[in-house]
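See the structures that follow.
Below, chain A partners chain B and then partners chain C, in two separate complexes.
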Partner chain A sequence: MKRYISHRILMFFLVLAGVSVLSFALIGLFGRDPAEIIARRTNINASYEQIEAVRQSMGLDKPLPARYAAWIAGLFRGDVGISIYTFKPVMEDLAQCFPVSAALVGLSLAWVIIISVPVSLICARRPDGAADHFVRVASVVGMSFPTFWLGFLLLISFAVKRPIFTVLPAPGIKGYILPSFALSVPIFSGFIRVFRASLLKEMGSEYADFARARGLGRGRILTHHALRNALPPVVTMLCQYLGYLFAGGAVVENVFSLNGLGTYLVGCVASADSTSVATCAVIVAAIFVLANLAGDFVNRLLCPWTVRS
Partner chain B sequence: MIRKTLKNPQAIVGLVLIIAVLLAAALAPLLAPHAPNETDLTKKFAEPCADYPLGADELGRCELSRLLYGSRASMSISLPVLLIIALLGLVLGTLSACGGKRLDAVLSFVCDTFIAFPQLVIAIAIIGILGSGARSVIVAIIVAMWAWFARMVRSYAMLEMGKDYVLAARLAGCGTAKLIFLHLIPNVLPQFIVYLSTGVASSIIMVSGFAFLGLGLGPETAEWGAMLNGARGTIYSHPEMLVYPGACILLAAAGFNLFGEALRDILEGEA
Partner chain C sequence: MKELNVKELSIRLKDDCSLLVDRLSFRVGSGESLILLGQSGCGKSVSCRAVMGLLSRRFRVDGSICFDGTELRGLPERWRADYYGKRIALVPQNPMTALNPSVKIGKQMDETLRLHTRLGKAQRRERIEKALTDAGLADTERVCASRPGMLSGGMLQRVLIAIALSTDAELVIADEPTTALDVVHRNEIVDVFARLRDGGAALLFVTHDFAAALRLGGDVMVMREGRIVERGSTREVYASPRHEYTRALVRASSLSKGASHADS
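Moving on, here comes the complex of A and B:
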């Protein structure tokens, strides 16, 4: 167990280091000159001297490895400098767009749990029943929904035709209801499939037969015995999405005009802003790896007997 | 297994959708009543009629023709992507599983890094490096998705490695390359085809998502995602222009997903 934990922690830092190097390398290869982008923002016909002046003042004249070292040092101080994209400190930008993404991801996962748990239980209660057949096909179709199109459909039906919501985001939680739902549809569809299969696998095992022999009903075995054992694959999946969605929501953010992490990242890459991109990428990757780790530990707590050495 | 697949209604529906999309892509010039970028401003937002079966868009371009050509754009990116990813995934995944501990550790680390890295950043950066165009989108999606495939193949190959026939092959003097190509790949292949089919679906959605964000393919391209982006300005007056392209994405992706998932059910029923 100790070896396992130390291995996972080592991998955590290695992956973060890999992600940050990859961000710098990608932006370095990108071929756009950040100094030129900044200079042209104030003066379209910026001269060579003006561009060079910007380059020196922003420290962009140093080679990429030196800038990487400066960024790492800044990261440990909690101040990575100014974003080329917005001209504000990167940390300030993050403080603005991170809560938007967190709310979007949190609500989406809430939708996923609210919808997929009861539906999967109903399916597993009577496998091959009418409801089960319908859900199995519907879930495959749900998995195929492009989230941005679903967003538009929701906007057309609930903001344009029936003005329950607004096209531009409303303040507070109301503005997140439609986007989070659009984001969650393919996820809970995939979830239902995995959860249903896992429940049925548990229902076919010997302890379920034994419970049946004791005279318990299928519904009770399902909720009191099989449910807990069927959770590990679903927990793993939920945690994977938790990390994935933080940066993966850019298209939905775009449809609903939300300024989340995904939108910010797109802007930063377009401005060849290596420090902001690396900072965001490291944060997103950290959430991703930590969420996976958390899923692993939850599974170990839920079903300690499934753990292999 | 093929007979079982042909008896499964879900697989048939999926297969029919897949063939329909492929036919639309192959025969687009014959089926489309107009050229995809032929503009006729007098036909701006024309009602559906015999000449323009689904009406015309904000520049008077025939909607149906653009949708048909859209399948071409989508397929000409998604199919090569999956072909290359399939090869990469099979080779790297099996190599990782039986190429020794050190190689496995390095490959797993690279996979973990790419999986944890935001896909969108990879895509934008690569499209920026290579310039716009279908080829850059192909490379971008490959770089964004290959690690998932390699990891998937590795986990299945690891399961196979524990089985007796691998040991028997080793004892009989089978080298690593021979073991990979003659024993491991054929045994991982069924599960891999399932993954591949659903992979085409996610690639279709990803391509249109990029085009929607204006990445890789210009707004004038007849591509479903780009068309969605073009139509968003008229969400109040002409919402139907937002409905058609998305429906095409959904049908194409659903075809590959229905087929893949039906195949998975059949495989798991056998196991």
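Moving on, here comes the complex of A and C:
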């Protein structure tokens, strides 16, 4: 176990190092010239000298490895400098947009669990029944929905035609209900399919047959035996989605006018803001790796024997 | 007298209509044992699963499976618990996979008793410990606190027998319970089943091992490709087999006996 934990911690730092180098280098080498973007913000016809002056003042004339080293040192101090995209300290920007994304992702995951667990249990209770057939078709439709289109549909339905919610985000949790639902639809649709399959696999196992032979009903076998053993693949999937949701929520954030991490990241990429992009990428990567690690531990707690075997 | 009466039981696969069991008929009553003998794939286990109502919709089952005057085929779900686990117990073939790997053995035994009896917690605990002891397990506390992966195949086989013993089932169906065991353990397990039968339970014992059948005694039906080819008292069938297939089984059994004697 000790070896496993030390291996996972080592992997955690290796992944973060790799992600930081790649994201910093790719934006630095192949992105647009940030000095030119900044100079042209104040003067659309900025001269070569003006652009060079901006480059020198922001330290962008230094070689990429030196900028990377300075950024890493700043990351440990908690100060990675000014964002070219917003002209504000990157950490200040992140302190504003991270809670928005965290609330959005947290509520999306809550939707995923609230909807997919009971629906999967209903499907597995009577496989090939009417409810199961309906859910199987509906889940394919749900997986195929583009989130931005679903977001617009929700806005038109529940903010314009029936003004239960507002078009601009309302303060508090109410402002996150529609965007988090739009973000979660393709995820819980996929989830239901995986969880249903996992539950049916367990229900087809010999221990489930023997439980039937002992007189237990399908419902009890499902909830008291199969459910726990069917969780590991679903927990793994949930944890993998966590990182994706943080960075991939940009489209939904845009539709619902939320200033989250996804929107900020897209803006930084467009502005060739390598410092901010790399910082965001490291945060998302850290969330992704930590979530996977947590998923692994949860699975070991849930099914120590099945996971080990 | 409580008895299992199977008449003209036929089982086929719906996919290709292949016939797995062809018009199988037998009866076994209280205090009697009936041995279903045959090679792997001859239809023994699928017949047991049909009696237990465990066959999926992939199978088509015809004929009658009657226990104590009740037709078990098509038994409504709400009545299953009145028969299965309570009056009819199964001892499955593979002890390593028959129990939920995540749930402690004591808990799995307790849930069976809680479902079928009105006993209090302490009485259930007592009944579980007695059943485990009767099945030949000494350290009952450790067994109850263990998960299936922590016990050996032989111990798990005894746990499955203990589950059958704990509910005082009137009919016990043992599906090749000695397959994974060595000769010493096999004999011990067969003796547990003999005691169960002598205690008044009806016993349907499935095996491909003539030695186990001889030790248990009672009647035997020899099955081949889904059909009964010979039936009679175990000793008579062993002493003077009439069918070619039974003779082959007896020869194989004698050879393995000779080999085990030579080894010892």
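In this section, the second predicted complex is superposed on the first by the 305 of 309 C-alpha atoms of A that agree within 3 Å, B and C clash if a C-alpha of one lies under 4 Å from a C-alpha of the other, contacts with A are read in each partner's own complex, and residues count from 1 in each chain.
Operating definition for what follows: a residue touches a chain if its C-beta (ideal position, glycine included) is under 8 Å from a C-beta of that chain, and two chains touch if they have at least 3 such contacts.
These numbers come from a predicted model, not from an experiment.
Contact with chain C, but none with chain B, is seen for A:Ala213 once the two complexes are overlaid on the shared chain. When the two complexes are overlaid on their common chain A, residue A:Cys303 makes contact with chain C while staying clear of chain B. Legend: residue contacts after superposition of the two complexes on their common chain; A:Ser205 is shown touching chain C, with no touch to chain B. Legend: residue contacts after superposition of the two complexes on their common chain; A:His225 is shown touching chain C, with no touch to chain B. Residue by residue along chain A, chain B and chain C are tallied for touches, and B comes out ahead.
Of the two partner chains placed by superposition, A:Ala131 touches none, neither chain B nor chain C.
Contact with chain B, but none with chain C, is seen for A:Val140 once the two complexes are overlaid on the shared chain. Against chain A, in their complex, chain C makes its touches with residues 49, 52-54, 77, 80-81, 83-86, 89-90, 92, 94, 97-103, 111-112, 115-116, 147-149, 160, 163.
Against chain B, the residues of chain A that register as touching in their complex are 11, 14-15, 18-19, 22-23, 26-27, 29-32, 136-137, 140-141, 143-146, 148-150, 152-153, 155-156, 160, 167, 193, 197, 243, 247-248, 250-251, 254-255, 262, 265-266, 269-270, 277, 280-281, 284-285, 288-289.
Here chain A touches chain C in the complex through residues 205-207, 209-218, 224-225, 228-229, 302-306, 309, going by the rule given at the top. Of all the residues in chain B, the ones that touch chain A in their complex are 10, 109-110, 112-122, 124-126, 128-129, 198, 201, 205, 208-209, 212-213, 225, 228, 232, 235-236, 239, 242-243, 245-246, 249-250, 253-254, 256-258, 261, 268.
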